[in-house]
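One structure is given below, represented as structure tokens, and several questions about it will come after.
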Amino acid sequence: MQEFKVYTSSRSQLIDITHEVSCILSGYKAQDGIITVFTPHTTAAITINENADPAVCSDILSKLDRLIPPGEAFYRHLEGNSDSHLKSSLVGASEQILVKGGKLVLGTWQGIYFAEFDGPRTRKVYVDFIEK
Amino acid sequence: MQEFKVYTSSRSQLIDITHEVSCILSGYKAQDGIITVFTPHTTAAITINENADPAVCSDILSKLDRLIPPGEAFYRHLEGNSDSHLKSSLVGASEQILVKGGKLVLGTWQGIYFAEFDGPRTRKVYVDFIEK
Amino acid sequence: MQEFKVYTSSRSQLIDITHEVSCILSGYKAQDGIITVFTPHTTAAITINENADPAVCSDILSKLDRLIPPGEAFYRHLEGNSDSHLKSSLVGASEQILVKGGKLVLGTWQGIYFAEFDGPRTRKVYVDFIEK
């Protein structure tokens, strides 16, 4: 299992980590199998989405913040990040990506993203590869 | 790794692909392990839900479209499908299903669905099996 | 593949199943790999979230019920649980957790939860481990 750090700079942020995951994959001298990308935090997530127009990431975060804004009156958790916890469960703590001939099998426009929902913070991502 | 195509006919649609995944699994002569079903598109997703009453699928899509409608004024991405990208990240690009004795381990009412959020289009699904 | 039962007592509920998953993992005498936790129900889900302050779980469920309440007039499915099916697809039927040295690799505050969206019911969870 390998790990790396992500440094986030906003409360809500999508950071492309495809390069970091590819580099770790190269280290495994892997051929075919599946790679898991997992974050050990409960106010963050991992997702796959478009890596071409940066407006896609900002639109995803804008809409998510309108649907699930911070600080609603009915929240009982005192840290002010109940919205972040819900976003984490909806987007999910991990992604699984197929690996073929040593390469991530991603679509043309797909990138792997670290999703920050309660930044800025220093975060960790765990990666492991299972061979077929 | 195997792949197949899905032809969607509406902007939002859930298409049962359980049969296609089962057929691919048969080809592996697999016994026990895990199968991954992944879509390489950023405005689509894979999910598991009820395969009995078709009203479940239409209700899921109706509610999702009310929560996250297309064309909201604050979107900056110019392709008009920012809602589709968010739906893709919330539902997720893949599902993992356990395999036992060569069969998918699904509940009585569970089917595997391709979720289209920006159709109609021709789409791809990738499938791979990891043996225990 | 192993399975265990979960007894839920409310319509919406998050139940910590980390201990049950750890016990099953011990039985595999596993070292390194990945464990899959899967629920075969279409109105429930598996998620990972905070296991410290119980208010986090209640806030997650409160907000989710406000976003996706039961019984909206446009639903066509007659069982009154269309909201539960959508919640199931958004949170997801399974989680994958890395295993290192025989232990679940979870963050300090992470627990594995069974998410009930149409209880109270008796539910099943399937668990299987794939070694590296």
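Note that the chains take the letters A, B and C in the order they are written out, and that residue 1 is the start of every chain.
Note that contacts are C-beta pairs under 8 Å (C-beta built on N, C-alpha and C of every residue); 3 or more make two chains touch, one makes a residue touch a chain.
Computed from a prediction, not measured in an experiment: that's the story for all the values here.
Superposition of chain A on chain C using C-alpha atoms only gives a rotation of 120 degrees, nearest 5.
Because chain A and chain B share one sequence, their contact can be compared position by position; here under half of the interface residue numbers appear on both sides. Averaging C-alpha coordinates per chain places the centre of chain A 20 Å away from that of chain B.
The set of chain B residues that touch two or more partner chains comprises 67, 90, 92, 96, 130. Chain C meets chain B in the complex at residues 1, 36, 38-42, 67-68, 72, 74-79, 82-83, 85-86, 88-90, 92-94, 96, 124, 126, 128-131. Looking at the complex, you find that chain C touches chain A at residues 32-34, 47-50, 53, 55-56, 58-60, 62-64, 66-67, 90-92, 95-98, 100, 105-110, 115, 130, 132.
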